[in-house]
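By letter and in written order, the chains are A, B, C and D; residue numbering begins at 1 in each of them.
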Amino acid sequence: MAQGQKQKSKNIDNTGFGANSAVEGGRLVNADGSINLKKVGMPFWQRISVYHSLLRMKAGRFFLSIMLFYTAINVFFASVYYLIGVQHLSGIDTSKSTFEEITAAFFFSSQTLTTVGYGHVAPNGLLTNIVASTESLLGILAFAVVTGLIYGRFSRPKAYLLFSNNMLIAPYKEGRALMIRIATYKNNHLTDVDAQLTVALHLKDDNGQHITRFYPLPLEISKLSSLALSWTLVHAISEDSPLASYTEDDFANNKIEVLVYLRAFDDHFSNTVQQRTSYTHHQLVYGARFLPMFGQSSDGSFTVLSLDKINAHQKVA
Amino acid sequence: MAQGQKQKSKNIDNTGFGANSAVEGGRLVNADGSINLKKVGMPFWQRISVYHSLLRMKAGRFFLSIMLFYTAINVFFASVYYLIGVQHLSGIDTSKSTFEEITAAFFFSSQTLTTVGYGHVAPNGLLTNIVASTESLLGILAFAVVTGLIYGRFSRPKAYLLFSNNMLIAPYKEGRALMIRIATYKNNHLTDVDAQLTVALHLKDDNGQHITRFYPLPLEISKLSSLALSWTLVHAISEDSPLASYTEDDFANNKIEVLVYLRAFDDHFSNTVQQRTSYTHHQLVYGARFLPMFGQSSDGSFTVLSLDKINAHQKVA
Amino acid sequence: MAQGQKQKSKNIDNTGFGANSAVEGGRLVNADGSINLKKVGMPFWQRISVYHSLLRMKAGRFFLSIMLFYTAINVFFASVYYLIGVQHLSGIDTSKSTFEEITAAFFFSSQTLTTVGYGHVAPNGLLTNIVASTESLLGILAFAVVTGLIYGRFSRPKAYLLFSNNMLIAPYKEGRALMIRIATYKNNHLTDVDAQLTVALHLKDDNGQHITRFYPLPLEISKLSSLALSWTLVHAISEDSPLASYTEDDFANNKIEVLVYLRAFDDHFSNTVQQRTSYTHHQLVYGARFLPMFGQSSDGSFTVLSLDKINAHQKVA
Amino acid sequence: MAQGQKQKSKNIDNTGFGANSAVEGGRLVNADGSINLKKVGMPFWQRISVYHSLLRMKAGRFFLSIMLFYTAINVFFASVYYLIGVQHLSGIDTSKSTFEEITAAFFFSSQTLTTVGYGHVAPNGLLTNIVASTESLLGILAFAVVTGLIYGRFSRPKAYLLFSNNMLIAPYKEGRALMIRIATYKNNHLTDVDAQLTVALHLKDDNGQHITRFYPLPLEISKLSSLALSWTLVHAISEDSPLASYTEDDFANNKIEVLVYLRAFDDHFSNTVQQRTSYTHHQLVYGARFLPMFGQSSDGSFTVLSLDKINAHQKVA
C-alpha cells in the first residue's frame, strides 16, 4: 500500500485546506467547484451575499422569485389601500363585494408599481395619494434592482467548460499518465489558459491520525495559448510523481481526490474566468485512453468538434 | 521545396490546435479571428451563448430583432385579450369588426407592455386584469433585458484595430522580413501592446500524412508602450526563422498560415482587449515594402495618420 | 528599549507614507482600511467622488437619501405648477383650499416624475405642458442614475473578509511569531490570495525628532491558492525580523502599527478584490495562541467553519 | 550644446512614436494625455467611438445633448401625428389654431416617449396607434441607452490624479534631479502605483535632419505600494542619465518633452487606472525645490494634505 511510503515530491501547504480538514467519506471540493464546507457562527443573512445568490440561481427559479415578489408587494399594498378605504380609489365600483374591492385594489397597486397607470382607477385623498406616490417610487427602485440583477446574470463571466466525467490512468510514453479532458462547449474562446492539478492524499500519520497531504501534479503542457479544440490534461506518472508507487489496487482503495483549477482570459467577457472541479477515486478509470473527439469536416474545409465524445474512452490492454 | 527540410527552430505544441487538425483547402483561424471550427454533439441552444450572440450582432439586425420580438409579444397578448373577450377592455367600441377589435387589443397590449398606459382603454374583469398585470411586469423585465443588452453592446471592450490586407516579404537589413501593419482607427488608445506571430506549416510526415506544425515567428519589437501611430510588425527571416529556406516559389506554393494575436490595455474601456486574425498564403506579397502612412501636418503642429494607406505598399526590385 | 537599536532588516520607503507623517496619538491607517488623512485646499465637491460615496453609503442611509431627494424634487415641481396656476392642471378641484391645491400639484408631480401618469389630473396650457414634459424627462434620467447606482452598489467588488480583533505574539517553532487570523464570511471564494504585512515603527532620530520607519514583515506563507477555510498569517520573529529585539514590555510601550494588505481574485465578482486594515499596539496580545475555528461535521461528510471563533485565543505559559 | 554629444544611455524604440514624428513647434503628447495626432482617410463616424465620446463629454454638454435629442425626437413625432391628422388624437380640441394643434401633438409625443401616458390625449385610428406604439418602444430603447450612458459615465475608471504644473530641476544628493509631484485629489485610493518617465529629445542627425530620440528616465522610486499622500517622482541626473550633460541653458533652449505615464489599481473602481501627461521645456523650472504639502493636524491625530500646494516650489541658490 502506497500510504506508508516516502514521497519524493514535496507536499504543499498553501492550498488553503488544512492538514486536518480531512473528512471521512467526504470530499474537499464538490464537482461544481464549491468547497465542501459549511460556515456557522453568524446569522444566515450575514453569511450569504443575496446579490450573488440571485446571480447564480437557475433561470426558472429566478423568474419565479420575481413573480412571487411582485405578487407579495401587490398583496401588501392592496391591503393598505383597502384599510384606508377603497372609496379613495375613484373609479372603483364600491357597491361590489369585498373580494371585488380587494382585487380592484390589487390591480390598482400593480398598475402603480409598474407605472403603467391607466388612470381608470386613480387615488384621491391625502393618505391614498401618499401611499400611491411611495409605491410608484418603490416600483421604480425595484425594477432598477431587477435591471441590475438581469444584467449581472448575463454579464457574469463564466468559463463554459465541459469536463470529462472520468479521469483516466492511461499508458503514456513508456509509463503511465493521469488524464482529464476538457473543452469549451459554447461559442466562446479562451486564451492564455492555465491548468493546475493538485492531488489530496488522505494518509495516516505515525500516530494513526488521519491527515491530508497535498501534492502538485505537474502537467506535460500546463499553459495553452488558445483553447481552440479540446485539451487533454496529462500528468505523466514519472518516478517523481506523488502517484509513482500507486498500483491499480492502490488507486481503487485509496481515497485520492484530484483538484482541478483552470484560469483563462475569455474574449466573450473580456475578463478572466476560472473554473474548479474535483475528481474522487470513484471517477478514476484505470488503463483506459480517450478516443479522439475532433476531425475534419467531410469537405475538409473546417474542423468538427464532437462535444458528446468528451468522456469517450476505451480500455487498453 | 521547404517542406522536406529540417527546421532549426523548435515547433510549439501549446497553440491549442492539434497536429492533425490540418484541413485541406481550409484555414485554422478566420480573418475575423474566429476559429474555423464547428461544434456538434450538443443541442444548438446549449452550444451558443444567446447573450453574447446578441452583443456581437450588427446594430441593424439587433434593432430589427427587438422590433420583431416586440410585435410577436403584442400579437400573443392581443390574442389572449381577444379570447377572453374585448368587452373586458372598457373603452373599446365593441360594435366594430373583428379586425378592429383585434387591433384595438393589440394596441392596448403595446400600451401595457411599454407601461405607457394611456387609460382610454383599460382592463375590467378578473382575468383581463390578471393578464394585463402580468404583461406589464413582463414588459418591465423585457426592457431590463434590453437595457442590459444595450449597455453590454456599448461597453464590450473592442480593440478597434485595422490590419493591412496583405503580409509582405520585404527586404530588411541584409536579408528579408515578413511584415504586417496595424493601426487603431478610432479615438481610442492602446498601451502595453503585445504582439505574437505564429506560423502554421502544413507538412507531410515520413508516411505522407498531412500534419501541421506550429512555429513562433519572433518579432524585432514585440511589445509597444503605446500604440500612438501605426505599427509594422517585423519578423526578420534570419537563419533561425522557420521560414529561412523559403524562396519566392515556396511562399507561393506552400499553404502557410500566419496567426496574429494582439493584446493590449485600452484606456477607453480600462480593460484588456485582444484581437486575432490570420493571413493565408493568398494574402502574401513577395518583395514589397509598406509606404509611410503618417507625417507632419502642413503647419507642423501635429502628426497626421492616413488610415486609408494602411495597406499601401510598393514592389521593390 | 528597542527604539535605539540597530535594525538588521532594511526599512522600505515605497509605502506611500512619509518618514515625517508620524502623528502623536494617531494612526496611519484606520481599521476600515482608509488612510487617516484629511485633504484640504480644494472645494469639498471637487475632493469627493459623489458616485463612490453613494456606493459606499450604508443601505439605510442610501434609501433615505433617495426618499428625501424624491420628496424635494416633487416639492420643487409642485411649487412651479402652483405658481403657473393649478387651473392648468385639469382634473383638480380648484374650489378647494390652497393646501389641497398644493398637495394635488405635489401628487401630479410625483405621477409625472415616476411616469405613472394616471391622467385623472393632466396638464393643459403651454407652460404647464412644458414643465410636465421636462419633469418626465428628468424623472427618467433620475431613475437611470438610480439604476446605475443600485447596480454599482451590488456589483462593487468587496472581499468580505473577517479579521481577528487582535494580533497575537504566540510561541512558534523555537521562537515567537506575530499572528493575525482571517476568513471569508460570505459564500464567496477567493483564489490566489496575497498577503503583506508592514510594520510602522515610530522612532526618535539622533536629534530627538519623531520619525516613522517602515519594515516588511515576511510571512511563513504569503500566497494561498485558495482561501477555503481560515488563514492564520504568521510572521516568525526570527533574528532578522524588525521586531526581533522586542520584549513583552517593548510591545506594550511602543506605538507600533501593523499594516495588513490582502489582494485576491474573487470568483463572485470575477474581479480582483483587496482589503486593508491596520492593528495598533492596543490590539496586541502577548503570549497567546489562536484556538482552532474549523472541524468536521458530526457525520464527517463536510467541514464546519465557526466564524464566531475568528478571534478565539488562549493565553499560553 | 547637448545635441551633438554622445548619449551613454540607449535610446528606446518601442514608445509607439516614430523617429520622424518630430514636429516643429508641436508636442507628442498633450497635457491631458491624448496623442497630438489627427487621423484621416476614413469617414468621421467610423473614426470616432460615439459611446466613448459621450462618456468623456463634460456633464453640462452631456445633459444639453440629451435635452436637444429629446426635443428633436418630439418635434419629429409631432410632425408625423400632425400629418396623419390631429383628429386621430382624441382629447385634442381641433377647433384651435394650427400652432395649438402642433403643440398638443408635441406634448402627446413627449407623454408617449417617456411612457407617462396621462391619457387625456389618446391615439385613435390605425396609423396613429401604430406610430404611438412605435414611439413608446423607441422611448424605452432610448432611455435604455441613456441608462447605459449614465452608468458608463459614473463607473468609468479614472485616476483622479493632480500633477504639479512644473517639472523642476532640483539639487539632489550631490547632484541634480528632475522632479514632478503628484497626488490624488479625491477620496479614492491607489495601490501598486507604477510610474514611468520618458524623455523625447528632438535632435539633428548627421545630415541635419530633425529626428526624435526617446530615452527612459529611471526613477529613484518607481513603484509605490500605496499612494496615500503626495508623491514626488525623482529622476536623479546621474552621469548615465540622458540629461547628464544638460546645463541650465540647454534646458532652456532645447525642446525636450518629458512623457509621464502612471498606472495603478484603484479601489474605488476595483480596476486598473492609468493616466498620461507630458511636460514641455516651457514647464521646466531650473534650480527649484518643491515645498512640503502635508503635515500633522493641529491636534496631531491625523495627517493634512494641502492640494493647493501641489505646485508650490522655491528657487534654491
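Simple rule for what comes next: a contact is a pair of C-beta atoms (placed from the backbone, for glycine too) under 8 Å apart; a residue touches a chain by one contact, two chains touch by 3 or more.
Note that the structure is predicted; figures quoted are calculated from it, not measured.
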item: Contact-pair overlap exceeding half with B-D, pair selected from B-C, A-D or A-B; value: A-B
item: For chain B placed onto chain D, the superposition rotation in degrees, Cα atoms, nearest 5; value: 90
item: Interface residue identity across copies chain A, chain B - same or different by half; value: different
item: For chain C paired with chain D, centre-to-centre distance based on mean C-alpha positions, whole Å; value: 27
item: Residues of chain D engaged with two or more neighbouring chains; value: 111, 115-119, 147, 151, 271
item: Contact set on chain B toward chain C in their complex; value: 115, 117-119, 147
item: Residue numbers on chain A that touch chain C, as the complex places them; value: 13-18, 21, 23-26, 28, 34-42, 46-49, 51-53, 90-91, 111-112, 115-119, 121-123, 126, 129, 132-133, 136-137, 139-141, 144-145, 147-149, 151-152, 156-157, 196, 198, 261, 269, 271-274, 276
item: Residue numbers on chain D that touch chain C, as the complex places them; value: 66-67, 70, 74, 103, 107, 110-111, 114-120, 143, 146-147, 150-151, 154-155, 160, 185-189, 191, 193, 221, 223-229, 231, 265, 267-268, 270-271, 294, 296-297, 299-309
